[in-house]
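Same chain, two partners: chain A is paired with chain B first, then with chain C.
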Partner chain A sequence: MLEVKNIMLFYENAIAVNNFSFTAKAGKITGIFGSNSAGKSSLMWTLSGIILDMRKKEIMRGGERITVLGEIIYEGANIIDMKPSDRARKGIVLCPERRRIFPESSVMENLRIGGYLANAAQARKTLSYVFEIFPKLKDLRHRNGGFLSGGEQQMLAIGRALMAQPKVLLLDEPLLGLSPAMEQRLGQAIKSINKEIGVTIVVSEQYARPLFPIIDYGYIIENGAAVLEGTAEELMNNPDVKEAYFGI
Partner chain B sequence: MDILIYGLVNSFIYVLMAAGFTLVYGVSRLPNFAHGALYVLTGFLVWTFVNSAGLNYFVSILITVVIVALLGAFLYRFVLMRVRGMPVSEIIVSFAVALIILEGLRLQGIGGFKGFIGSSYTLPTFIDRTVSIAGVVIDAQRLLIVGIGLAIVIFMWIFTRRQKIGLAFRGMAQDEHAAMMLGIDSDLMAVLALAVGSSLAAIAAVAIYPLGQVTAETGYHVLNAALAVCIVGGLGSWMGAILASFIFGYATTFASFMGAAKYQDVILFGLIVLVLIIRPSGLFGRQKELEERV
Partner chain C sequence: MTGATEATAGASPAPEGRRKERLDRGLKVRTEGLYAVNSYREITYLVGPRLLLILGLAVLPLLLPNLYWQRVLCVAGAYALLAISFDFLANYVGLVCVGGAFMTGVGGFTAGIFTYYLHVPWPISILLGTVLGAALVTLIWLPSLPLRGIYFAILTFMFPFLARGVILALGILGGTEGLGPVAGMDNIWIENYLVIVVLLVAVFGLRRLVGEDAGIVLRGVKDNDMAVQASGISVTRTKAKGLFIGSLAGCFAGAYIVHLYNFMGTSLFATDYSILPIAAAVMGGSGTLAGPMLGALILTPLSELLRGFGQLRVVLYALVLVGFILFKPEGLLNWLTRKYHQFEKWTKV
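Then we have the complex of A and B:
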């Protein structure tokens, strides 16, 4: 579905993503695990194209030089130079790190803004689906996004991304700062979203434990480079992974 | 009572003058310094259509609003887009466009063009009569300004909450990158924002000009007013802009009733300084840098 070849990303001379290649198979959940500053978010920005806008802004500001190299093959074409909004239109939607909810808009408005690319029928269908998997959002639908708790915001962020009718959903650290109970629930929700609407998911996270049960294939990223890959089981049985990501 | 009613009228004059500027800044973070020039251009275009082309007043208004909206869109697409992200250049370039328009209108001698100078250029009022409210005599045009101002506020409120484009505007205004991730195109939104913002300037012009004369100088005055309202209200905030308009509207009305009408600009800029000292981000501004640091 999404084939990423030899992505390199530099901020000035510092390398953030180093020759990273991976494949997200259609209808599967692919996990990318790594510690802070391993390059997960940079990779996600590259996949969604936001990095191109950052690069443009830095150029205009006379700031940091950002260099992106490599290929992203999606639907038979290389989209490495495509604008983020066009990528979203083609079905690659990022649900960003730290959620980035619209704080002054209500939950309902956040979802409606998310439905910018959807037609009326799609929007209605997805909205009822979002309320079905996250019933709590329905109760909170008139509350401002800024007044939600972290878990609620994350549900809203995922719901908002779903409203954009993704074919490939990129989740950047969806469990950041959440309680273990909430981690469990969101993990389950991600799995059911994947199953029920058949969307391909790429998820990045620091802690492997809550997500390992749901992923189909995983990569371990360190200093911007993939150091290990395998199915959830293979990774789980690897002694290095055990030590670093499960604390055993 | 006089102060109450004339203050209301003046407040809505400020709302009309600032609406387009606030919208453009809110959506695309572009300070459109050509705002006042588009306002003046509207006045002269309508005047020309009515007096030289002999068109119907309302038809000329309609054509002019469309022309000015298109001009706003072109202004972004061919000028501002190239410097977007360089705040100083954004100001210089849009101000340059303003100077070209305003001073171009005063230019004399090319092709027998006499230049729009002097006090002979006025737009007719829509309804030519006076009304008496609670003992205060007021002309219909001033009431119309309140009506149009209210209509614009209500229209914008519904537009940004019900319409897809309006919702996208709100998304863009709050978090540009998050909006992009959802498929909202930043450049397209800026083009639309400038088109809508420019047509708001045009509507303001046809509402307000019948009260006075159409001169190029008003362009600078309108820009000052819009800037003052936006700075005091908090850049890009609708609620703040409306509140600031009322503060300015009543402050200037009060001043002129106290016989200090010529100090209007002093009040305008004095209030800016005062607000910047007390609340640097404006009354309803977001202190974004602080938020991100926490």
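Then we have the complex of A and C:
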């Protein structure tokens, strides 16, 4: 579905993603795990194209020079130079780190902004689906996004991304700052989204325990490079992974 | 095979490509430590730009062909002070102040009152106008200090019009016609060198200040005022101090202009004093303090050359502002600094 070949990303002279390749298989959940500064978010920005926008802004500001090299093969074409808005139109939708919901719009409005690309029938269908997997959002639908709790905001962010009718959904640290119970619930929700809509999901996270049960294939990223890859069980049985990502 | 496979980063060849690398010059790195004083070359590298500025400004009045251009330099100096004031407030205190004209007006009228009504000698009235004017500006803007960003900008932009309206409506301080002659400096060399010395003091003084403890707190207020409050520092008081320091430069410009033109009137509240400094700051490089000064020293003579076009000069500022914001938002000095300290080369990835 999404084939990433030899991605390299430089912020000025610092290397953020170092020759990283991976494949997100259609209809599966691919996990990318790594500690802070491993390059997860940079990778997500590269996949969604946000990095091109950042690069443009930095050039205008005369700031850091961002260099992106490599290939992203999606639907048979290399999309490494495609604008983020065009990628979203083609179905690659990012649910960004720290949620970035619109704090002064209500839950309903947030979801409708997300559904900008969808037609009326799709939007209606997805909206009812979002309310089905996240029933809490339905009760809060007139509340401003900024007044929601962290978990509710994350549900909203995922719901908003779903409204854009993704074929590939990129979740950047969806469990950031959530309680263990909420982590479990969101993990299950991500799994059911994957099963029920059949959307391909790429999820990045630092703490692997709540996500390992749901992923189909995983990569461990360190200093911008993939150091380990395998199915969930394979990774789980690796002693290094156990120590670093499960704290056992 | 069971167990995760080692994904090796180097196994598949890295993508073909090259990127431009930006590196510090060796000379720059060598001059960062104490050993910079070892060689003349390194001392020159450090002192050179600063010395160039000081000497350049010192000989500038001598090089100017006639009295007209010397007067232009005086006015450019006043604008440069306003630009420094704007830059300091916007980039180090976090107050985007679009009311430079209010500072010139208050400073100018305060100084002018001392000279015109009380017959105080001009150096003392300029000093009083600067300090009292800055205090007055700070006091008047004190209630609006909690505002941030665009809201503070709108509010400060309104004040010159307000002050002008009050003077016109009440007919005080000369009303529409203004007051004059205000006894002035009456010597072009004094006029030139006064503004140059004050400019240099302002640039080097403020650059020193923003690196000191007090300056770090000011920048903290700009970046994250919640964290500053949590550190036990009063945000409003810090902002007020910053505003006072910034207004000193602006009010001096006003007081100076009054004694340069030997006249004070509502033209001191002209919108030019608010707008040109912003264009100069954007052009010269925001956040460098010296950059806005250079910007003003370039823009003012340029607009003087275009005097024949009358009000179209304002279009020039607007074009400079828009052009630089769109194509070179870092400004001249930031760009020059980078070229001075760093070099670029292509490298293969």
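The rule is simple: the second predicted complex is superposed on the first by the 248 of 248 C-alpha atoms of A that agree within 3 Å, B and C clash if a C-alpha of one lies under 4 Å from a C-alpha of the other, contacts with A are read in each partner's own complex, and residues count from 1 in each chain.
Throughout what follows, a residue touches a chain if its C-beta (ideal position, glycine included) is under 8 Å from a C-beta of that chain, and two chains touch if they have at least 3 such contacts.
Computed from a prediction, not measured in an experiment: that's the story for all the values here.
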{"item": "Side-by-side fit of chain B and chain C on chain A, or clash", "value": "clash"}
{"item": "First, second, both or neither for A:61, with chain B first and chain C second", "value": "both"}
{"item": "Partner chain in contact with A:144 - chain B first, chain C second, else both or neither", "value": "neither"}
{"item": "Partner chain in contact with A:93 - chain B first, chain C second, else both or neither", "value": "first"}
{"item": "First, second, both or neither for A:103, with chain B first and chain C second", "value": "first"}
{"item": "Partner chain in contact with A:69 - chain B first, chain C second, else both or neither", "value": "second"}
{"item": "Which of chain B and chain C A:116 touches, first, second, both or neither", "value": "first"}
{"item": "Partner chain in contact with A:188 - chain B first, chain C second, else both or neither", "value": "neither"}
{"item": "Part of chain C, among the options 145-153, 199-207 or 253-261, whose backbone runs into chain B after overlay", "value": "145-153"}
{"item": "Set intersection of chain A contacts, chain C complex versus chain B complex", "value": "60-61"}
{"item": "In the complex, chain A residues that touch chain B", "value": "48-50, 53, 56-57, 59-61, 83-86, 88-89, 93-96, 100-105, 109, 112-117, 160-161, 163-164"}
{"item": "Chain C contact footprint on chain A (complex, rising order)", "value": "5-6, 8, 10, 12-13, 18-21, 60-63, 65, 67, 69-71, 219-220, 225-230, 234-235, 237-238, 241"}
{"item": "Chain B residues touching chain A - in the complex, by the definition given at the top", "value": "83-86, 161, 164, 167-168, 170-171, 174-186, 188"}
{"item": "Chain A-touching residues of chain C, taken from the complex the two chains share", "value": "2-7, 9-10, 12-15, 17, 19-23, 326-330, 334-335, 338, 349"}
